[in-house]
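Going in written order, the chains are labelled A, B, C, D, E and F, and every chain counts its residues from 1.
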Amino acid sequence: MKTLAVVVTTSPYSHLTITALTYVEAALVAGINVIGVFFYQDGVMHANEDISIASDEYQAIAHWQRLQQEYQLPLHVCITAAEKRGIACDSIDNEKINQIFTVSGLGELVELTTKASRLVQF
Amino acid sequence: MKTLAVVVTTSPYSHLTITALTYVEAALVAGINVIGVFFYQDGVMHANEDISIASDEYQAIAHWQRLQQEYQLPLHVCITAAEKRGIACDSIDNEKINQIFTVSGLGELVELTTKASRLVQF
Amino acid sequence: MSTLHLVRQSAFATNDFAQCLSVLDHQDSIVLMDDGCYNLKHSLMDSLIKRVDGTININVISSHAQARAIETLTEINHIEMSDVVELTFNHKKVITWQ
Amino acid sequence: MSTLHLVRQSAFATNDFAQCLSVLDHQDSIVLMDDGCYNLKHSLMDSLIKRVDGTININVISSHAQARAIETLTEINHIEMSDVVELTFNHKKVITWQ
Amino acid sequence: MTSTNQITTPDYPKETGLAIINSKAPFSSNHGKDALDIALIFGSFEQKVSLFFQGDGVYQLIADQDGSLVSIKDYLKTFSAFEFYDIEDIYVCQQSLVNRQLEEVFHIDGVQVQTSSEFSAALNAHQHVLRF
Amino acid sequence: MTSTNQITTPDYPKETGLAIINSKAPFSSNHGKDALDIALIFGSFEQKVSLFFQGDGVYQLIADQDGSLVSIKDYLKTFSAFEFYDIEDIYVCQQSLVNRQLEEVFHIDGVQVQTSSEFSAALNAHQHVLRF
């Protein structure tokens, strides 16, 4: 079984994220089992509910949401990196975290890395 | 009259911001009239109320606040750059904006630039 | 095959591509993507093409090069993102140079 | 005096210091700060010191170099941040290379 | 003393306006767009602003680019508004073009290709400089 | 067919664990700290993790640094915990040291200085690679 884990370190308003998204979608379309995407460093900005990307720009977050729903793709956001960037994770309702993301620790990255046959970073 | 305007483009958790702060404080101590600091690009992350910097790390935001209070230093945050980074500015109470910052447009940068005898970017 | 190298930065701006080349093995493959496409015109690429004498598989993502108006070289394979996925599993591991 | 150049990046990692040197005027001054301190050991610095023959004022922020355990050169002035403020107003403008 | 001061006064005109140096390629970061936003605001306030392209920044000027191929909204198209905003001084570093094997074919008119010393002199004619 | 397959099987052991390449200097970005956090988590889960230092990343290993002089909490001190976490394989690129005129004096023990081909071979012994 071809299993893939992906680490994303670029923000939703970075054009580099488009490449990551295109790659992950191509993997899913090819039938690869993408066991999870782990958002780290500035990648955690994706989980900020209040991000407003201009309507004529690439809608990175909406595209991740589409992949998450179509393919049940797990999206993990690193809690330490998120708090550092003002995305509050400590309240019970996590009201500032976009609900398509699972709040995870770095332990989740260990889990993904040991399970995946390939790990790719963007 | 020596007047200085400063542009800060690095985030509160970037070590590069310490250099900017040290410079601005040295200017104030030297009696320079610092007419304003304009936070642009990732610099606007300073205005996010929810940023939590670990207690043993450099407290960039607290230091800006100290300078603002001791020297009545105007701190401007660029609204477009802030919204892009999920720091909501459109509500009347601006509840996510740290109150030491004035929400400004790029027009404020024009004003600072034309008034200042020196413009320094960090 | 050994390692797949994803090169995303301009060698005219940063030292990352040079670092990639210093660990490159003769079984490895390279994919130029994003600003890595600019490296097609860099002297490091000329040296690489001469040095490897065809043993290293060098690829560029067509749309990324075309968006930047970069003419590509005949020694380079033009690929799509689906090919990058295939290369990912044709190699033992992936290193991203960004 | 003309322009004050604040150099904040390592020339071993990025091309920015080279760009700074290409616009450097003989009346200008340089301050190495942050990772710019690493440039003390770069060949571009050797060439610069030879080229300018003492006409360019080259400075490094002592604490920034010392934090990085970089030995500085005798041709370079060791300064503090208050000196950078003074240099700001001794020159007509400031360019930050970051 | 007065005459001595006059002799040392530089013979170039007093520096005015803002110079913006663009040093990043167009499609991988937001620096080019962030610099453009500043340039257009200065233009709309009728303040002098000039644009300089150096290093990988010269890629912002190259003809026949198409961001839509990589799903990027192409801010480079907005460069055609420079004339409307009276942004007339657009300088590009010749050496940066040569290093990158780029021809002097740009997607806007009026770009001035300059040697390093010309580029440096043009920069010096401005009061303030920002670099992105 | 079976024998042919066996002949092409590489003679190095099966790749295991994670290699982390550090490519950034310590005090101007958070990359070094972000990489360290991953290394320590892998260590605490008893997963094999090795650290590679290349390019400006080699500055992270140099002796006698002191972040406190520039008000930076010095994460480099945490490198001394590697032994506790059974992180034993620490490789540094010799060429990167030479280019930067750095001596082979480090603030932790057990650093292996390697030629480019040794460095490359050590990387190849790992199943996954992240770079910061």
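In this text, a contact is a pair of C-beta atoms (placed from the backbone, for glycine too) under 8 Å apart; a residue touches a chain by one contact, two chains touch by 3 or more.
Chain identities (UniProt): A, B = Sulfur relay protein TusD/DsrE; C, D = Sulfur relay protein TusB/DsrH; E, F = Sulfur relay protein TusC/DsrF.
Small disclaimer: the values here were computed from a predicted structure and weren't measured.
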Which chains are shared contacts of chain A and chain D?
-> B, C, E, F
Using the touch rule from the top, work out which pair, D-E or B-E, shares more C-beta pairs.
-> D-E
Select the chain at the greatest separation from chain F, using centres from the mean of Cα atoms.
-> E
Copies chain B and chain A - interface residue numbers shared by over half, same or different = same
Going by C-alpha centroids, which chain is farthest from chain B? Tell me that one.
-> C
Just curious, how far off is chain F from chain B if you go by their C-alpha centres, in Å?
-> 36
Once you find the CA centre of chain E and the CA centre of chain F, what distance in Å lies between them?
-> 41
Please compute the C-alpha centroid of chain A, do the same for chain B, then give the distance between them in whole Å.
-> 30
Could you tell me which residues belong to chain C and also touch two or more other chains?
-> 8, 12-13, 15, 34, 64, 93-94, 96, 98
Would you mind listing the residues of chain F that make contact with two or more other chains?
-> 27-28, 30, 55-56, 70, 72, 128-129, 131
Multi-partner residues of chain B (at least 2 other chains) | 13, 15-16, 19, 22, 118-119, 121
Chain pairs that touch, as defined at the top of this document = A-B, A-C, A-E, A-F, B-D, B-E, B-F, C-D, C-E, C-F, D-E, D-F
Listed in rising order, chain E residues that touch chain C in their complex are 24-25, 27-28, 55-56, 59, 62-70, 72, 99-102
Can you list the residues on chain C that touch chain D in the complex?
-> 12-15
Which bits of chain E are touching chain A when the two form their complex?
-> 27-30, 70-73
Chain E contact footprint on chain A (complex, rising order) | 13-16, 18-19, 22, 56-58
Given the complex with chain E, which residues does chain B contribute to the contact?
-> 7, 40-41, 80-81, 105-107, 109-110, 113-114, 116, 118-119, 121
